[in-house]
Amino acid sequence: MTAVPLLDVKDLEQRYALPRESLFRPPGQVRALNGVNVQVAAGRSLGIVGESGSGKSTFARLVMALERPTSGQVALLGRDLNRISADELRRTRRDFQMVFQDPYGSLDPRQTIARIVAEPLTVLEGADRATFGERVAAALRQVGLRGADMEKYPHEFSGGQRQRIAIARALITQPKLIVADEPVSALDVSVQAQVLNLMQDLQEQFGLSYVLISHDLAVVDYLCDEVAVMYLGRIVEQGRPEDLFEHCAHPYTRALLEAVPRARAGGGRRRRGSQAIASQSAATTGCPYVVRCPLADQHCREALPALRKVGEGHLAACHRAEAVMALPPAAVEG
Amino acid sequence: QSKKDSVVMGMTLEPPGLDPTNAAAAAIAEVTLYNIYETLTKINEDGTTSPLLAESWTASPDLKTYTFKLRKGVKFHNGEPFNSAAVKFSFERNAAATSTNKDKSLFQAFEKVETPDADTVVIAVKHSEPNLPFLLGQASGSIVEPKSAATNVTQPVGTGPYQLGAWAKGSSITLTKWADYRNASAIKLSKVTIRFISDPAAQAAALLSNDVDAFPRIATRVVAQFKSDPRFTVLIGGSRAKTIVAINHRKKPLDDVRVRRAILAAIDRKALIDGAVEGFGTPIGSFYTPGSLGYVDTTGVNPYDPEKAKKLLTEAGVTAPLELSLKLPPPPYARQGGEIVAAQLAKVGIVAKIENVEWAQWLSQVFAPNGPHNFDLTIVSHVEPFDLVKLTEPDYYIGYNNEAFNALYKQIVSTPDEASRTKLLGDAQRMLATDAVSAYLFQPQWPTITNKKLKGVWKEVPQFENDFSAWSWE
Amino acid sequence: MSVFVLRRVVTLLATLVGASLIIFLVLDALPGNAAQMLMGADASADAVRALTVKLGLDQPLAVRYLQWIKGLLVGDLGNSYVYGTSVASLIAERLVLTVPLAIMAMTITVTLALTAGIYTAANHNRLGDVGVMSLTQIGIALPNFWFAVLLVLLFAVRLQWLSAGGFSGWEDGIWLGVKSLLLPAISLAVVQAAILARVTRSAVLEVLREDFVRTARAKGLGKREVLWSHVLRNAMIPVMTVMGLQFANLLAGTIVIENVFYLPGLGRLIFQSIANRDLIVVRNCVMLLATMVVIVNFVVDVLYAFIDPRIKVHDL
Amino acid sequence: MSAPLTTPIDAPIATRRLPARTFWARALRHRSFVLGGSLSLLVLASALLSLVWTPWSPYEIDIASKLRPPSAAHWLGTDSFGRDIVSLLLAGARSTILVGVIAVGIGLSFGVTLGLLASARRGWTEEIIMRFSDFTFAFPAVLSAIMLAAVFGPGMVTSIVAIGIFQIPTLTRLTRGSANAIWAREFVLAARAAGKGAFRITIEHVLPNILSILIVQVTIQFALAILAEAALSYLGLGTQPPQPSWGRMLNDAQTLLFQSPMLAVYPGAAIAIAVLGLNLLGDGLRDLLDPRLARER
Amino acid sequence: MGERQAVPLLDVDSLGVGLNTSRGPAQAVRDVRFTLKRGETLGLVGESGCGKSVTALSLMGLLPDSAVVTGSIKLDGDELAGLADADYCKLRGNRISMIFQEPMTALNPMHTIGHQVAEPLRRHKNYSAAQARKEAIALLDRVGLPDAIRRVDAYPHQFSGGQRQRITIAMALACEPDLLIADEPTTALDVTIQGQILDLIADLVEERGMSMILISHDLGVIAENVQRMMVMYGGIVVESGPTDEVFRRMGHPYTQGLFRARPKLGARKGTRLKTIAGTVPELADLPSGCAFSDRCQLVIDQCRAALPPMIDVGPGHFVRCIRTDVSLAERVGVLTA
């Protein structure tokens, strides 16, 4: 079936101007996103991993139409979010909602839980708060909170509970897509598990799709059907988590996997090669990862590798993907 | 003491320039008259006139022609000789079309000024002028030197015992003794510093802290504390000034004499004098001061009687409350007096709304002859002596314009005989009182405070001046 | 020159142009003709008119504005209507007083405030802190002119240590001049110092809470050393902002204080000139005050760049 | 299908930041708040009382009994016009509060609006508003009052406008600064993601969150307005007679400094008390409304 | 053998810390005891707010003045608890150093990094400015800051998070301390950079024979980097022992819970994580008895009666739980779940 994908991102680019430092030089630019293509089918979830500054949050903001991209398009159910009218966009927002990282910062401390959770509804349907009461209570129950919590304020809740409230807010319009930018990284390990379980439950129950952003590979692995690895504003590898993590085809993915500390007896210390950190503003011709790549050759320095198929539903942007795949698997926790 | 030959005097206002012949400010005279510039005659402490640059003078019987004999061997500060040409130049300059002399009308009334020789000046006046020697003793009659006249504002040149030393604008003027003065040995003070202090408390503080040795015409507010202080002498002098509540006859219902009388009846002069000038004033009933020729006491014509005031208002058909504006220029007598007047008027059903204005606004809104005369009531002190004539001018701010009074005034000035003039002046005063032209309040007294050791400071001040040649340390 | 400084220069100029326009327009609306005022009440109408032409007051608004600005640029401020002397020299005479007064007041303010602020912050919540902070609360609440009056009462009248007012000029010796400006400077400074001390204290306390202070302590630095070598420079940023703003208040304060102590300074000149309708003086004085305030704030901004390496200054 | 309810529920709701005590319970234990509040209330009460009762009429001039020392009839004595000092002080509070309220009102309505606008629009709008406010800073209240008084004549309205204008830039800066901080918070991003426009976000999220900062600042601005009013009245540019005013009382008293120094003490002290009260109140409110500082105590 | 070394480098006994929190005074740390030999590494794990940093700061003598420290802290046999600040200053940065969690705020933005790294040298070793600078460059070089000579006069804001953390490490190591405390040195950093930083610390510790206390909330980090570990919960140590031993035989229900709750890479999708019900309690409302009793599945009435004693469950392996019999049996299922 060639159904329209839920989310279709094409050639997405975003640049930010740096503050001008000198009169005589043009202001610098940050290429936060550098041509990203990705599709998410209804009911499936996409995980995005990558190191800090690789453009994950920028991607989330563009998908949520909180910013206009420099170029490229973001289409939700076939509608390009940057082409439709402001009014239509507001109505379309019913279908995609967002959950943020900081459970302390993403809830307005001066509003009651009822108002916070009802927020997306008030935008869509006016401020008729009375009729929202039941729906808010229902949403709260779905995330494991009590309807009685409605009149409380955010400071009366713990971090985990707040994240549930944020999820309830996202759920209330019964969206098809939830973009979650590091939803659990600010939570304690024991609470993180509760929220992850909840997200999984909700996905099963409502057939939601997530775009889940995290720097923790395990979290993405736990929740997603497909994983994209970002590096300097590009997707360098994409595929099902089991393919990706067992037979990674990009040296950066491999570096990520190797860096994950293993919590088990006799783990011991494993050496990691020391790595330089690449610059984002310098536009190089070759592969951006070349400075850190142990396998890089002359070709890598000269030609930018395109994202190509390296296996069934498995893409990688590396000239030497096959060589990487041939390496013994990075030890994975079992 | 080291102070023996210098003195610091305080003054309320700073002069805007130092040429008394082209600007009206009294402060100019206070600095320059008899010190930097001299006049033909000198007005003494008691109001009499005596020779200064003129050694003697004679008047024709009709009081229309005066002949002055000038002092010989007098020089200006710049070395030029003083002679009849300088006198003629000075007087004609004052009468010129572009002149901004305060007494321009006086000089324009001169038919001609003749100089038969270097030491004689003959002045022919268009009408008889009994007061000419007195009038020529004022600062406006200062004799200037023709070549330096134009720059007198900042570099004054006169014949007086002092020269301008330094002028720190806004702060002080220093006068230094002119060594070549004709009578230099009689001048005791070789340096006089005049500091400008307008704030009453600061005036008192300056005296108390010995920063200032003398303060003529100090604010009345602060005088009391010095009376009992053995370090100071307090001199209380009379004046020729008249402090009045001017009523604008051009405005209804103030054109009704009953309303004006009501206003007068509402005002308690005694309380006002106590409150506005700490008692330093003598009640007056018309535009004329005690001690002047032909003065009669008219304070009983419109006595303080609030009940009568209310009645008069009812008679005049005024519905209470009558709302009037009361514009007050900056001096304390006006600002403080205004509050009291407003409170007193309120008791008879007249609401006087106080508006404090700067002199500039007062001049343009209230006083200017061609201005809008935009006021109902105002309080002001007219310092010039013998200015009944103003009331005959049609565009005078009060707007009296009474033919009977104008005729009476004409008769006064054309009567050379002093006795009949005295009688006519009495009539004029009574007419002003009966017509309730203005609410005549009081003749202010001017207190002067000096260091006990400072001698020669005048008590009586017939006009604005400080004669430093008479001052000395004990 | 760095873009940062350039931007500040541009806004500085724009602010000055805006200020000059507003000053010109507001003062032009003043009632009371300057010529009339100068000529006195009894002047004839055509004499007044002649003076109006002589003063150039008959020209259209825009022409007069441009003439003024042109004059400002070449340093020719015209002649005072009242004194007849050049406005520039008139203002210069007054600046001889106002500038030292402002500097003295600012010096006293800064000395008092930094001492008190640092002392209280270092002794946070101890008796000294509470005591000094209570004093500053009272200091802030005192109207400066009232405080001035009390000072005169005590020092000039009761004790006769200092002069009650007036200014003898600098010719008779620096010390005499300083002496006559001491009380005015103190009364201006006390209120400002109280405010600045509080700002300093909270800025220091704020920085003391920062992580790098703990790092410095972990290196073995004592509390005192940390305060001087790590905290103060960071705390200076908010303190300097407030100092810049206080300068404006200080200049405004001089207008009042110069009236209390009858000092012939700029503030009094403005006051008197408005009363005399000496508009040309008023306009230039107000412009001068505004310029001083704007420039001081500009300097503060540029100083940040020197103090704080995070603001780019490399090619300043 | 596993129902969401099977997800373990967090432990009973824990109160995190603010202690359970209510605002007032904490406020009444806060020293500066209580002291400042009492002083401010005292001034307010004086003003209100003077509307219905004063021991003597503050307008009644009785020259015969001028400059009386304190007595049973005149608790603090009389002034140079024989008016009762206590009555003048009470009625003076009225002018002070009136000028303060209106001036701060002007400052607030313009300052907050401009500040919110600047932070909501950013870019050029922000630049222009901020330069405008810098520029207004160059005109201290006294200076603009002198200029305005010269144009429109001195008076209460002139001084209110001048003081009000001077309040604008401070409030603009404060509002914009704190509003920018709110705009950078994630819940604003959440509101934008929900589709709210800048106006709604400003009204529903930004304003409520900067309210406590503004409340604290208002007490300080009020104190500054009182000082400015006193200074202007002292210079004769503020409230006009016969309307009683503390600043003018001081001016009047200053001329009598050497005879009746106490006359200058009363109004000065009244001003200082009003300002002190408001400042302490502001300090107290800052502690009480700012949970970050509250934790420190 | 071990007994030959008369005194351990660090000997902490019944350490307790009382703090004034917003909700009244509370005991942030209770009865912490451990010894650390020269060259030995110790890990401290636990969730946010369990008292890890407070423990570390109490060793540094850097707790706020209002904190009440009880018990004894001996460095080389010398008592540190109650030491005057001036004397403590001589130890800090010299014999005991600390690396903090937040590299972005731990450096003074107004001073050059060279100055900041040189500061402990100038203070403790009385180096001249030039000497200290040279040494600082060498240190920066050693911690892998590229181009140290050129960048020694740069300011912190000109460096990335990872680079700043290297600078703070250089600072902490400047005087070759006997004991290094690393308080979550990598929490704010990326996984890849975290790896590098941990490698660096481990290398340096080994190279200079220092002892180290590594604090983390990440069991993985602890597993890979230290010889011995302690698990903290609610201000008390609930389990301690050699790292391998603890991971092999988790004795405390909390340690087990922590382990089970971690999402594991490669675990089959669709499996549910085993959560610990409830949240980490606030210090002020800890339950009586065992701090974990409110969230523990194995809780019995006795658990709430009194703080359980440390129970020896293996060589040097202690668990503060009275139900170790059950928990150790349950554990069997943990790793296979």
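Letters A, B, C, D and E mark the chains as written, and numbering starts fresh at 1 in each.
Just so we're on the same page, contacts are C-beta pairs under 8 Å (C-beta built on N, C-alpha and C of every residue); 3 or more make two chains touch, one makes a residue touch a chain.
The structure displayed is predicted, hence computed values, not measured ones.
By the document's definition of touch, common neighbours of subunit A and subunit C comprise D, E. Each of C-E and B-C has its own count of C-beta contacts, and the greater count is at B-C. When chain centres are defined as mean Cα coordinates, B lies farthest from subunit A.
The mean-CA centres of subunit A and subunit E are about 31 angstrom from one another, to the nearest whole unit. A straight line joining the Cα centres of subunit B and subunit D is 48 Å long. Averaging C-alpha coordinates per chain places the centre of subunit A 91 Å away from that of subunit B. Residues of subunit A found to touch two or more other chains are 158, 160-161, 191, 194, 197.
For subunit E, residues that reach two or more other chains under the stated contact definition are 272, 275, 279. Multi-chain contact residues of subunit B, defined as those touching 2 or more other chains: 199, 201, 205, 208, 358, 361. Contact residues of subunit C toward subunit B in the complex are 31-33, 36-43, 45, 47, 50, 82-85, 90, 93-94, 149, 152, 156-157, 160, 163-167, 169, 259-265, 268-269, 272, 274-277.
Chain contact summary for the complex, subunit A toward subunit D: residues 61, 64, 66, 89-90, 93, 97-98, 100-102, 105-111, 119-120, 123-124, 141-145, 149, 152, 155-158, 160-161, 164, 166, 169, 191, 194, 197-198, 201-202, 204-205. Of all residues in subunit B, those touching subunit D in their complex are 199-201, 204-205, 208, 219, 221-222, 224-225, 271-272, 274-275, 332, 335-336, 338-340, 342-344, 346, 354-358, 361.
If you check the complex, the residues on subunit D that touch subunit B are 59-61, 63-64, 66, 80-82, 150, 153-154, 236, 240-242, 254-259. For subunit A in complex with subunit E, the touching residues are 51-52, 158-161, 188-194, 196-197, 200, 215-219, 221-223, 225, 241-242, 245-246, 255-272, 274-277, 332-334.
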